[in-house]
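In what comes next, chain A is part of two complexes: it sits with chain B in the first one and with chain C in the second one.
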Partner chain A sequence: MSLGIGRRGTWAELRRYPSALAGVALILLLVALALHTLATVPYGQAVASWRSGEAHLPVNARPVWSDWLSPGRAPRSERLSAETRESEAFPGGRRLTQRIELDYTYDDFPSELALFLRPQHSERAAFLRLGWQTPDGREITLGSRRLVGETRVALSQDRALEQRLGRPAHFGLLAGPDGEALVPGRYTLTLEAVFFDPAAELESELWLYGRVHGLAGTDHQRRDLSLALRWGTPIALAFGLVAAVGTTLSTLVIAAVGVWYRGWVDALIQRLTEVNMILPLLPILVMVGTLYSTSIWLMLGVVVLLGIFSAGIKTYRAMLLPIREAPYIEAARAYGASHLRIVMRYMLPRILPVLIPTFVTLIPTFVFLEASLAVLGLGDPVLPTWGKVLNDAQAQSALYNGYYYWVLAPAALLMLSGLGFAMLGFALDRVFNPRLRNL
Partner chain B sequence: MMPRRSWGRDLRYLALYLLKRALALLVTVLIGVYLTIVVANMGGQVDDLRRVQIRSEAFEQVRADPAFQEMASAERNALVERRVALEVERLRLDEPFILRSVDYLQRAMRLDLGRAEQMHSDAGSRQVRAIIVERLPATLLLFGTANLLVFFSAVGSALWLSRRYGSGVDRLVIALAPSSAAPGWFYGIFLILAFAFLVPLLPPGGMVTAPPPDSRLEYAASLARHMLLPVAAMFLSSIFVSIYAWRTFFLIHASEDYVEMARAKGLPSRLIERRYILRPTLSPIITNFLLMLIGLWSGAIILEQVFNWPGLGSLLFQAIGFRDTPVIIGGVVIFAYLLAVTVLLLDLLYALLDPRVRILGEGRSGT
Partner chain C sequence: MSALVEVEDLSVHFEVRQWGFLRLGAVQAVDRVALTLAEGESVAIVGESGCGKSTLARTLLGLHRPTQGEVRFAGRELSGLRRRELKAYRASAGYVQQDPFGATAPFLDVRRILAEPLIIQGVKRAEREARIRAALEEVHLTPVEELLGKFPHMLSGGQQQRLVIARALILGPRLLIADEPVSMLDASVRVEILELLRRIQGQRRLTLAFITHDLSTVRHYAERIFVMYAGRLVESAPVDELLDAPRHPYTQALLGAIADPDAANAHRQRELPAGEPPSLLDPPRGCRFHPRCPHAMAGLCDRDDPPDFDVGAQHRSACWLHRE
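After this line comes the complex of A and B, so read on.
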């Protein structure tokens, strides 16, 4: 075997393969995305906002770019505060009147309407009446309520209002008299509050939840999918890389040790490999995930552990057997090199180049393994990953409900990382594998 | 030519070699199955979980039963205790785990799969054998179809491509090979999206329509429609890399000196292919084929989940969810036996096909 290709030689060879260049470009892109994510979104923040979702985000909003594809302006999220405020004092309290104006120009109904109220300097319960004025001059009363402390008035979930309008509030309030077509124009929300505290104040905001949000949209728990997609990148790369390094290197070292010491060491390693071949990897991972913990690092550990005595040992052993008898090894023994030195410094480096392509092609396998586990519901409990996004989408029947973006974005990222490493790996295989070089 | 009496000696060595291998494989299966038993029971910790579950279930049953409403609480507690004790005894949780694990092991090795603890077959049987047998046809049908399709079309087109090495089609296959980095279920998601939702031609999952058609022909047609997408997903995810691998394999063998020699002699290419390329490469092809066949056994957990296919993969997944140890062990032990038998078969085949193995056996037993 002639494996003496220098590093520069490898690169020159690789440049001949356009697929290798494309693969390298894809990998660099993913690494850049991963580094950027790590630098801009701290771990704690990512975990916290992924766990709880964010109140100001709409539910199941499409990504903004999907709006550019379809002609039309899908509603964005907006927060509107009162523009006119009037107050009128009376003995023992004050009456506040506020108007929130909404210029509605979008082509579609919003996904939700909610009112945020924050009374200040008011100890006792206040009385609040809400009114809605449409551009065509109709008045709709939104009912009255007691107001104590900070309140979120979920107009879209108001069943009584829905009964009166015939549709949920975010449709009914913005539709024409027939209750069907959307009427663009200026809407006014009037709040009349009676406080029994002379110094009372009221902060009010009307929250319009859009149909589109951000680069990746949101999921059913008001979570920004771009967070999971971005944080999934370093996790996927780390998982793939560590698992590939861990399994290939440990397998190689063990194979070399077996070949060098022969006898019972070799026999033991061979038998362990055979036992390991009988154990099915995925069911064992599922068992560990179900019974112990779904932590991604535990899974990684089990993958590496089961990968140590993988079938690769047999291949490496076949490659190492002739090397063992090579004259340079004999020379090393003659000058008194230790066993460990011979294994690590003389035998391993000889077959390392053959290993590199295998190693690169293995990375996507592990990236997809992580996704597979997550799709089975055994994703890491805290970390947002691509697989967990897919799992959520699957659980919420995203395809059936038409939330294609929810499946497509994580799938595209998985596919890109798979393609990147596989294209590079296949090209490397042709460069490093002397038997393939002329083919 | 060997002398005549060496045939008997060969046969003796072969038998000895096979016996040794069979023993080694048996020990391997033994260790593998025992490890699975330990993992599936969390080294005995599952017992504690199960005891808690038994207690809460027994309590719930007694509480919900109107017949026991009037009972005094002490009496009722005693009843719960009695029921718990009965159930614990039924599941033999009162014995130490080490003892039971050995018992599990020896029963598993005798293929006495026993009764499931939580699950039952759709027909209502609690026998692990019945549960597995019920799921087996679904898995074999789906994965058998897909894998045989992939195997034969890959080997066939690889042979064809190795003759047209460097052509446009060849380059296309090489360029498409990295697409196999994604597993079948991944393509499955897209196929479901495309052919079940965007263009609703095919069902998104399941095995037959509900209710299942009565006539045999309609049943088969419905089955075929449901199989189309999962088979396509598996085919897509592995066909290009298989063609690539086999093509490279054949090309390497086609550049051996004796093949060049045959070509130089002017032998027809069909003959070269059959006698000079396929025959020496027969053992790796058979190995691959047999390993693929046992690969069918475990099914693919995720593909079956994605397509809602009632096969062994999803059975194993459910069993793990229920912590139903007998079912898990049943699945693994059959897999282990199948693998061991296949490896033994391969050893025998190699010994017959490849004279070097015979010589190796001779050398070993000679020293």
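After this line comes the complex of A and C, so read on.
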């Protein structure tokens, strides 16, 4: 079945509106991002790393691009392995000495320092002594400790060290004698481990946590924000699309059924619609989320369910009523068309011109609804979404703490999706409803 | 000639309700009408706007349910048909509407408009195209090739009405009902369309029922005329007899109202019936024409319904004047 305006004709018309092209480009961009995300980051991996964060990521790191906005070069995350390894055997054991060299050239202190140790040895604990040598020749002892199995030595969280240095280790170790200014240059971490096992080995790594990470930065739980921003795209698009399709189709079919059968069927549909129109959607969703489950698919179901008898029925009914009385409908009955065929094939196509733009502009409203729910704390418990990023940012007072990127990135994505669909929708409206053109 | 359509004691009333359930009354659009259409016959049903002639047509097509009485097509009663039989009946009754501009779906092209009845009636795909082309040629919508892809709004009024006629004929009906087929067309194309219907009726041996309020052209296209007034059939006769010697006072008044091209008649006083047709929600008792009738007889016309009187060969008139 073809419309009065063919598909090719619609596209040709649409191309005359730059805003439509921009809208289509934005939508395609978002779709491409969504598809790329689905292809490269498996669902299980996304959910897992969003739930627990990733140990190698710095806390609250800015996006890399923020470096261009401020003077100096912010530290990147680095992992440094030992460059010199010496071993010295003694009866019943082995002494390992390793040095990790750090050429510090950044203009700011790192966000954290930690040492990762992976020893291979017998049951008995080893002894470990750590030393720090600054470029200006000072020696700072970092204390000694027992070493059993894989260990993360969180230098920045070492209270005793912090007391001695006057500041947390990632400041104090890299500052000059006054403890204030950063001193660039070559630092050396010396590890001396005594194992009571002649065959013992030690792998050591110094982890320097940067101040910037990735395109979107990280949050307070060492989670890469770009993961949530990327995975939020397919979720937002799917939610918006499914909700828009579900509510539009059901609304349309119900309106058409009411108009076609008239009488009590229509009256019942109208009363149900009126009752439903005064039911507030958001509080109901909040209730469902609080009392039952905040699963995004449940929310989607409730949205569609409540959307079945939405205000759209009134609009579609008003448009369908005159169409029902059109002579061609009577002619169709006279040549034997069934009720279903008349409604689906003869009546509904007439309102497609109004339906399509409305549908397109409806999609982002559901994207926003999902984000609103997440901001209200009713986001899906496992899936990373844009709204949940905003929710976290709010909970962590992101703007007060200067983590503007934490709010801006998801907000920008939400705005872009709204903008894309709105620009396309308005242009479609002009193409399908030419009378609007001169307004 | 055998009877194709038999209508007996047919009433079609529409209930008027408030708020969907309070019954306020019924519009008696068609009331106790009886008529018979013979196979291959061409008849005209005439009357003023709102006299029930379109409702009668729709009831003949099975689009309205009779409130009372029955319509038989080839001996079978319409309201007793099952869904499948009704669908088959719809293939044997074509319908040409008054408004050619609204009679076709604006979003379908000519090919699809003509294909729809074929699809619905289960005609095989391979056969459709040939039938569509044949139908277009029959109504002289040529060049066929050029027209197949056009949408209704690209066609002229006359072309659109030809398309509607082609659609009505494409299923090979035995009965064709044309409800004021030319009233919305330019005078220049009216004759063409009427000639077309006449020719097709002759070629196909169709039973053709014209519905019209235009008595001036009826003589050329119908063999018999039925005159309706306020839901009732008041007079029926062969066309020449009715036009030359009308017997019912309403028919006489109606014929008197025809515009006469003779300039000398411009100043002649006409006998026009005073007043308006009655409300069908609350029609007058007795003869429905009596409030406007110059010959109304008090105590008779306003009390009792006049029966149909035979006033000539195939000529019947429902008026108490003929009672002797």
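Note that in this section the second predicted complex is superposed on the first by the 432 of 439 C-alpha atoms of A that agree within 3 Å, B and C clash if a C-alpha of one lies under 4 Å from a C-alpha of the other, contacts with A are read in each partner's own complex, and residues count from 1 in each chain.
In this section, a contact is a pair of C-beta atoms (placed from the backbone, for glycine too) under 8 Å apart; a residue touches a chain by one contact, two chains touch by 3 or more.
Please read all numbers here as calculations on a predicted model, not as lab measurements.
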Which superposed partner A:290 touches (first chain B, second chain C, both, neither): first
Mind working out whether A:326 is in touch with chain B, chain C, both or neither, as first, second, both or neither? second
Quick one: is A:340 in contact with chain B, with chain C, with both, or with neither? Answer first, second, both or neither. neither
Comparing the two partners chain B and chain C, which touches a greater set of residues in chain A: B
Of the two partner chains, chain B (first) and chain C (second), which one does A:148 touch, if any: first, second, both, or neither? neither
Counting only touches as set out at the top, which of chain B and chain C does A:277 meet: first, second, both, neither? first
Quick check for you: in the superposed arrangement, does A:404 touch first (chain B), second (chain C), both or neither? first
List the residues of chain A that touch chain B in one complex and chain C in the other. none
Sort out for me which residues of chain C touch chain A in the complex. 20-21, 58, 61, 63, 86-87, 90-91, 93-95, 97-99, 102-109, 112, 116-117, 120-121, 151, 153, 164, 167-168, 171
Residue ranges of chain B in contact with chain A within the complex: 24-25, 27-29, 31-33, 35-36, 39-40, 42, 45-46, 165, 174-175, 177-183, 185-186, 189-190, 192-193, 196-197, 204, 244, 248, 251-252, 255, 298, 301-302, 305-306, 316-317, 320-321, 323, 328, 331-332, 335-336, 339-340, 343
With touch defined as at the start, can you tell me which chain A residues reach chain B in the complex? 19, 23, 271, 274-280, 282-284, 286-288, 290-292, 361, 364-365, 368, 371-372, 375-376, 390, 394, 399-400, 402, 404, 407, 411, 414-415, 418-419, 421-423, 425-426, 435-436, 438-439
In the complex, chain A residues that touch chain C: 1-4, 263-264, 267, 326-328, 330-338, 341, 346, 349-350
